């Protein structure tokens, strides 16, 4: 069945690629093909101890698949972790394709083909059981992303993606090589690692390689360029779905391959492995810096890109802390981020579809014109800002609890402040795009764009009411790492420090809202025009009803003034310095290419001597 | 099986406590104006002026709305602040506060603020947008020292639940009597000044600069709802402070003294929040206003440095 | 160089106050020269209605921080529709003064692109600062004739 | 509670909590600080200054009004919510005061918006202002302060007068006079 899936995918790629002239038809075909991973997901639900009614998994996929490839065997097998991340990607992917059907007016066959190839790559990555398979599918995914970035057509985006993608692949490959050198096997299950420095180096390289895809600072440089210059549905999938693959990789290797006890053997601090501690600190810094940079942006997509970086930083914190509570929080944050960030990017796409603008200072007042887009955005923003009327809060809460439980005294304030900073840019999106002066007379987004957005909002509501269901999902994953799921009931999560009861919040909110509604309905009201505003008595008719009342240009100017000096020399500058140093080194190194055969043979000899010496001394 | 009688009693108590909260909030408005007037050597309005103002706003003959997003402000602000109040232990009475913790309270406080911001933004008035910008930045400014102190307390008491913190301060073992948390209380009191939007941090409202900022377009019942939010906000924020540092006003244990304990605790709680509010008023009455970046620098430089010292103190002190 | 040295024909009213009476085509030259010689502050442009002579007097006033001296350049133009060249290119703020004089006296300044309505909104009558405009009559004809609100 | 009692309660509340917006174009605004501060302290009556007309109940027009300012005054007055009261402040709002023959200031404010209480004087002393407040309370109590109802009732006439003033056109004045005669 998996062979068939891959075949259908490849066939679909060829067909939609040929249908470049007919974007609608290509989109519909791509949509049907894109549903297959979701069916596979349903048929594999037994991995997560979920028993679905039989009509939901009418396609029966085998749980493992092997292919002999000469040097090694490609092994694909469903694991709880893979299932969880496949849930995120396979539920996001069809919605993104559905959105694209009306988003693209022409020339979209290549887009669908590359998207399907990306999904195929991700599918393989999530199922991979050995490093070879993992790397092959990783490259498929990376290169098809490159094709999609090239479609965006921005040189800086392409160059930065290409260079950082190459860096990522190099780091991962080098880490894999070290692991293979150490263990002599590709298969994860057969690896028996010890607490040597070689393994530490390997895992560090692998984690930093995945951090590029997860846009962890300072590896994030490519993300704002790519996010702000590519096509919207792809960016939604990239930010919502594909960036999670980096965290999937980190989780797989940190907790699946290496394991918590081995991590601890390289030193612990207050019960947290130093490796994880470093990761958590980097994550907290990413969360804070990403948030601050997001507040400073005017381009809607750049803002969302930096916001993505900041929100993904929270996942890193959770993975770094590494307790069951923290991992649950990190996975929950991953789930929330998948859905709310995808909705936000899709909403940005819908706004662009109607107005043709991405600059926040040029938009405004769309809330009354596009009410459903606005409400979907509002809900995602609630999730983003962790307002307790969406599931976004539970994830952040778990992470805070985990941090307090392990007494992360200096990381937690940074996390909380990044959370408050999220309010700032969240309101910038709401005000700049949807509230204020109506500047555009546009219609609501088409139904085929609204439906995906609202379907993607649904999980945020479901897991608000039943956070316990989510904890159930994490139980098999944690079991694999020798941990137990945190205590919970469907409506309640308990920790050693406190508990969080969603029923109390929901019914309390409904009750108080009822009270407020009665107060509010006590008096009738009349609707007035937006121009009937107090402008120090200036009558709008004097200016032909043409007063600019939108204050969204340079909205957080005092904030920018305070923070800009500290963020002026960003990570890009750091990489430039490294590159300049590399260039100096490179031009020195070029001198060894003398062109004389004798010299080259001496080099080869030296290399062998060093390698053998190193091996002997290790 | 749910016990319906218990549930009904709980709901009634919750409604009663909420009503009490609003009543105390309105009373505080009058007291605040009276005290400020006395500091200015004026007579000032009667102490029940808050009730009159709110009633007047709800009896206005005509009300305007800028559309359905504008109405979010009136709905969310009252609902959100009442919900937050329910999650606070008041004088040792834990209504819903066992069901959530301080993080939940901090985020619940964002519901009314965000609803308010939505309504103000939807009015389309540039003054409102500038006011919201200032409000959000003030929030960012004061939250840093506040969360530093709160996290220090969480680690010290090894819980994040406010109800448990109050419980652990029973028998007059208030946090403020511990030297490090005495300094912490000072830091948090500065943050409270920003939370209450009293001078020198009344930057978001600033009636003389931006025409009362976010509230510029609200009148009649909408403004009445926002007044309720603001007044209840005083009670919620001072109660949070009292719960953290002053043992929630619990002086008698309920198991020992019965209903008398409830009465005494409520009176002590009331006096304590009045005292905390009184300090804020004294600062308010004599200070001019900061600019927004000055407020940010004040909180992140001076207040936060003391906060970091407290964190270091706790970090060194707490061992595993 | 002080104004007295630049323009021998200038008369000194009292210490620190110089008055230059000239023709309208020489104004630009004089202002330029004064500007280059330390009179860097253009104070204001005012207008006087000499109804018996049938002239408007335009007074350009300049000040030097260096010499502490106030120079008034006075020209006269005919009341009936004679226009004046705009001095906007020398000091941009003259534009606003010209706009005001245009509205209040009806003098046309050639070369000023912004000669639109200034303070009065929708004023259809004779420019109100001219001496032949009878304000009392206008008030009686206009404001006092607006009816009271009749209550039934 | 029946309607009459309700409106009586509303009147009492609105009397004891008059929030005002003052339109400080004229020199009369200078008399407001003593009224607000410790010498006379109008907050005794629950009055205090508000920043925007949406929140205000009393409109203080302090001094002369040019036609251009009248436009803003009307705009602000219409943005206030009912019930709303207007206090005309100083001679200028009554008959033009020292600007009686100015071509650009209106002479009688009550032709354009309904005025509940006038304060005579050029300028009125703070005592007079306090007295006018008391008078206004009295009127609200008795239900005589009905300027806002008049504005609804004779809206056409007020609008006509405002339009005439804004247009400055003598012929329009004549036209409308003739219309009235018919």
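Each chain gets a letter, A, B, C and D, in the order it is written, and its residues are counted from 1.
Definition applied: a residue touches a chain if its C-beta (ideal position, glycine included) is under 8 Å from a C-beta of that chain, and two chains touch if they have at least 3 such contacts.
Values in this document were obtained by computation on a predicted structure and should not be read as measured data.
Asker: Taking each chain's centre as the mean of its Cα atoms, which chain lies farthest from chain C?
Answerer: A
Asker: As a quick test, compute the distance in whole Å between the mean CA positions of chain A and chain B.
Answerer: 36
Asker: Mind checking the centre-to-centre distance between chain B and chain C? Centres are C-alpha means, answer in whole Å.
Answerer: Comparing mean C-alpha positions, chain C is 60 Å from chain B.
Asker: For chain A and chain C, let me know how many angstrom lie between their CA-based centres, rounded off.
Answerer: Centre-to-centre distance between chain A and chain C: 68 Å.
Asker: Two-or-more-chain contact residues of chain D, please, as numbers and ranges.
Answerer: In chain D, the residues touching two or more other chains are 52-54, 71.
Asker: Return the residues of chain A touching two or more other chains; collapse runs of consecutive numbers into ranges.
Answerer: 532, 534, 536, 542
Asker: Among the residues of chain C, pick out those that touch two or more other chains and give their numbers.
Answerer: Correct list: 121.
Asker: Which chains touch, pair by pair?
Answerer: A-B, A-D, B-D, C-D
Asker: Please give the residue numbers of chain B that touch chain A in the complex, ascending.
Answerer: Residue positions touching the partner: 11, 14, 18, 58, 60, 62-67, 69, 71, 74-80, 82-83, 86-87, 96, 98-101, 103-104, 106-108, 110-111, 113-114, 117-118, 121-127, 129-130, 132-133, 136-137, 139-140, 143-144, 147-148, 151-152, 154-155, 158-161, 164, 211, 216-217, 220-221, 224-225, 228, 291-293, 296-297, 307, 311, 314-315, 318, 320.
Asker: Which residues of chain B touch chain D in their complex?
Answerer: 33, 37, 40-46, 49, 52-53, 55-56, 59-64, 207-208, 211-212, 215-220, 223
Asker: Going by the contact rule set out above, which residues of chain C touch chain D in the complex?
Answerer: Within the complex, chain C touches chain D at residues 119-125, 128, 133, 135-136, 138-139, 141-151.
Asker: Quick check: in the complex, which residue numbers of chain D touch chain C?
Answerer: 67-68, 71, 96, 100-104, 106-108, 110-111, 114, 150, 154, 157-158, 161, 164-170, 173-174, 176-177, 180
Asker: Could you please specify the touching residues of chain A with respect to chain D in the complex?
Answerer: For chain A paired with chain D, touching residues are 532, 534, 536-539, 542.
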